[in-house]
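Here's a structure for you.
Letters A, B, C and D mark the chains in the order given here, with residues in each chain numbered from 1 onward.
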Amino acid sequence: MDAALARAWVQAIAAAIDEHTDQLTQLDSAIGDADHGANMRRGFSACLDALADTPLETPGDVLVRTGATLISSVGGAAGPLYGSAFRAIGRALAGPDAGAEQVLSALTEGLTAVKRLGAAVPGDKTIVDAYTPAVAAFEQELWEGGGLAAAAAHAAEAAEAGARATTTMQARKGRASYLGPRSVGHQDPGATSTALIFRALAEVTVR
Amino acid sequence: MDAALARAWVQAIAAAIDEHTDQLTQLDSAIGDADHGANMRRGFSACLDALADTPLETPGDVLVRTGATLISSVGGAAGPLYGSAFRAIGRALAGPDAGAEQVLSALTEGLTAVKRLGAAVPGDKTIVDAYTPAVAAFEQELWEGGGLAAAAAHAAEAAEAGARATTTMQARKGRASYLGPRSVGHQDPGATSTALIFRALAEVTVR
Amino acid sequence: MKKFLNSPDTVLADALAGLAAAHPDLSVDLDQRIITRAHGPHRAKVGLISGGGSGHEPLHGGFVGAGMLDAACPGEVFTSPVPDQILAATRAADRGAGVVHIVKNYTGDVMNFQMAAELAGDEGIAVRTVLVDDDVAVQDSTYTAGRRGTGATVFVEKIAGAHAEEGADLDGVAEIARRVNAASRSFAVALTACTTPASGRPGFDLPDDEIEVGVGIHGEPGRRREKLAGAKEIVATAMDAILSDQPLDPADRTIVMVNGLGGTPLLELYLVFGEVSAVLADKGITVARTLVGNYVTSLEMAGVSITVCRADEQMLALWDAPVRTPALRWGC
Amino acid sequence: MKKFLNSPDTVLADALAGLAAAHPDLSVDLDQRIITRAHGPHRAKVGLISGGGSGHEPLHGGFVGAGMLDAACPGEVFTSPVPDQILAATRAADRGAGVVHIVKNYTGDVMNFQMAAELAGDEGIAVRTVLVDDDVAVQDSTYTAGRRGTGATVFVEKIAGAHAEEGADLDGVAEIARRVNAASRSFAVALTACTTPASGRPGFDLPDDEIEVGVGIHGEPGRRREKLAGAKEIVATAMDAILSDQPLDPADRTIVMVNGLGGTPLLELYLVFGEVSAVLADKGITVARTLVGNYVTSLEMAGVSITVCRADEQMLALWDAPVRTPALRWGC
């Protein structure tokens, strides 16, 4: 992954979020406060602006800047969580062009950042429930000899499955936890946006 | 009309209002503030209480007390208007038993009181539009040789026709006038309650 | 109908009990249904009372206190009080210097207050009646009951109250009250209807993309229906109505209220105020004092009224005078 | 969606412009999105800031002023502010004596304030964070994000604000803020959902004869749904939840708030307050101070929250201390 690919990834996320803004908001409406779509759109459109006029050399620079922009524009739970994740991913991608293995460890750093900040574990009905299986699938594919594109494709599928699997969970973190058993039966908005983020990675890596 | 008949009239009005409370309120909802039914019910149920424990000798005493009770319990436009009307009717029925002619002039006094206080003329879409034809029909029937019961029956019919005729009028008095042309197409609540009052008179005079 | 109540018949009684419990500075007579100051005034001053239907809270009970009203008499929801009640409030407010009745111009209010004023006169209490009729949505013509009294009531009660407090005589208090009314114009727009406890149903049905323009404060439909528009356009409509009725020029200083009708979030009221102040700034008119909030409501109606008063120096000074009521308080 | 707005994307910016125009006592930085006092304080004192999503007005901007907050940082509707914004508010509030962050306990608020506190620490500003978590509808367990912060925020901001004003040091202000929070419990009930500008649709569908019990202030559904009941029963449910979590005894003195969630008429809030005060009177518990009105709202949601604080002498004295903000004002 080079700086151009990192940029392409962020642009692809922005496009996906734009397309799914309403879906994310309606998911958040059912078990939260109906702002996740607007939050993510505001954040990634700010990222596009932030990246537009700056020459950045490494994928790390691009993604650290993406994380910082998310933190300073999103707010809510998603801002710090995704912001920290992208900053951590970026920090782990210092060179001009990272290989698939390095991308794996960067993604893992991102997950660690999310878990450290939010203290969620798998099963809590959060971002972590999409992110964890995505990283595992990414790793598995590399282990089986696949390249970046194949790993990303598997990660996207796993993230989507992970997001779907949140439907039957009872939330134990974030706003949805206030609903207790009533949170069951709805897919988690954050896990859903995580799936969009991995799908975007899969898309740009095959190009 | 003696005191007993006057009492019976007030009781019959109370029963009729009770039955039509919701209708009056919904009419008032369309072109006013949705309280005419509740206002009239509160007023006439207070009249029942006020009359219950008091031996009153003349129909005038009964109806003056009815008027005073309406004034002190109804509020809104209907309270002073109907209150003044019944006080005026009562004041014109001093003796123990009034003949049909005397009832006519008492009813006329009531109408005069309404018009003096409210300054409405026929066509303004108010109580006056039911009251005026009712008194005219009452007089006509007496003139044609009818008695109290027949006169009251004709008055009731005329009041009902008068109330219905308010539907096509544009209000020029009371709250409905704020609606301008939008007041057209709805029957006036006050004219409707006036028709109930005359219908009640017709009912008790035939017994 | 979804409301916090025990029974439609006891709404007013129950709410007055709560008002009494909430405000030790008020004295609430639950039998006579009048609200007076719990303390003072301990000297002769002109009494100031107002009343009208309930459902407009904090009007009028929330404006009883030092610097504003001496007593309020709330009727049933959207129903003017009865003469007995108004008379009781008049007596309570009378300290020998006479009493001013501030009456919003509605047929029922006017007639009931008039009867009470006659009764008070019979008892030797001097009464002056001041009619408030500021709503430019209604033409004052022989085809209407005259303009409605709405938002300007707050301005009249505050400014006349301060004048009474500083010792003005009966005619002086009535005179400034009339001047404030004459200098004030209001216009209101509703996004939704409201439901009275007695009716149980919304006063009108409004499609999702339409608004009622030129509404009063009794849940009635407005002068006309329009398509929902942006805040800027809606404010332009309202300000046009207000400013074409009483043109202002750059030298004028104003008191401006953006008032919620009960169901509008404060966030939106501020947004509306922003548009109002932009319109006035554009014309070079000074906004000298402001009120943004729920002051004259129509139960839970989502809507907003705008009131503009062209204020002279005396009015501004009296506006700034101390006031200590549940709903307006400053300077003490 | 029916709202007074120009575009869902500009709601906050437009409302802040209106807030700035409405209150000369506030200074509103439209770029940084922070609200500070326009005048003073002119001496070193502990700074007090709070913030959170918008849509809860008058919280928090309406509580900026002498005797209460030094600055507020409003996020987008129902979205906590971002660290930059909180940092800007922290800087504006800092007069060398440190700054207390009053944070309602929501995952997003907590994380953003924590990041801002770290950044402020890097700049040498001493920050103490006080979490408000008073809502007894949520269990504080590993199965939830902990109790939500709701109505008690007003009590914390008022009392800690007064303590800061009288010169208490950073730890002293944080300590009393924590004590007020620990002594306060809230519970809320909704009759209707609310609609955020970004979503355009109500947060939930509620049949005409059902209510949401145990709601928060972000338009989310509550803990459970119940049949609509009379005010007395609804209040009994809420007071049970509050008093079984923190039993009070007759010697206790309380500050009680009956707070409208935005779309409830004041008439009904008073009615609810009457029931609350009857419950407390029944148990011999003294209501020493009261607030009835819209203080912590959830856009136009029809609903009510009840907050009870067991107040000691110091808290009551600080409650009574002068405050001069748009939404709470007395003693000056």
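FYI, contacts are C-beta pairs under 8 Å (C-beta built on N, C-alpha and C of every residue); 3 or more make two chains touch, one makes a residue touch a chain.
Keep in mind it's a predicted model, so treat the numbers as computed, not measured.
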Subject >> Intersection of contact partners for chain B and chain D >> reply: C
**OP:** Find the chain most remote from chain D, comparing centres computed as mean CA coordinates.
**Re:** B
**OP:** Calculate how many whole Å lie between the centre of chain B and the centre of chain C, each centre taken as the average of the chain's C-alpha atoms.
**Re:** 32
Original post:
Roughly how many whole angstrom separate the Cα centroids of chain C and chain D?
Top reply: 29
Original post:
Taking each chain's centre as the mean of its CA atoms, how far is chain A from chain C in angstrom?
Top reply: 54
Original post:
Could you state the distance in Å from the CA-based centre of chain A to that of chain B?
Top reply: 74
Original post:
Of all the residues in chain A, which ones touch at least 2 other chains?
Top reply: none
Subject >> Where chain C touches two or more other chains at once, by residue number >> reply: 77
**OP:** Make each chain a node and each touching pair an edge, then name the shape: line, ring, star, complete, other.
**Re:** line
Original post:
Which pairs of chains touch each other?
Top reply: A-D, B-C, C-D
**OP:** Would you mind writing out the residues of chain C in touch with chain D in their complex?
**Re:** 2-7, 11, 14-23, 54-55, 57-58, 62, 77, 191-192, 208, 211, 228, 230-232, 234, 258, 262-275, 277, 287, 290, 292, 294, 297, 299-300, 302, 304, 329-332
**OP:** Quick one: which bits of chain C touch chain B in the complex? Just the residue numbers, please.
**Re:** 8, 53, 75-84, 106-108, 111-112, 114-115, 137-138, 142-145, 148, 196, 198-199, 201, 203-204, 216, 218-221, 223-224
Original post:
In their shared complex, at which residues does chain A touch chain D?
Top reply: 25-26, 29-35, 37-39, 42, 71-81, 117-118, 170, 172-175, 177-180, 182
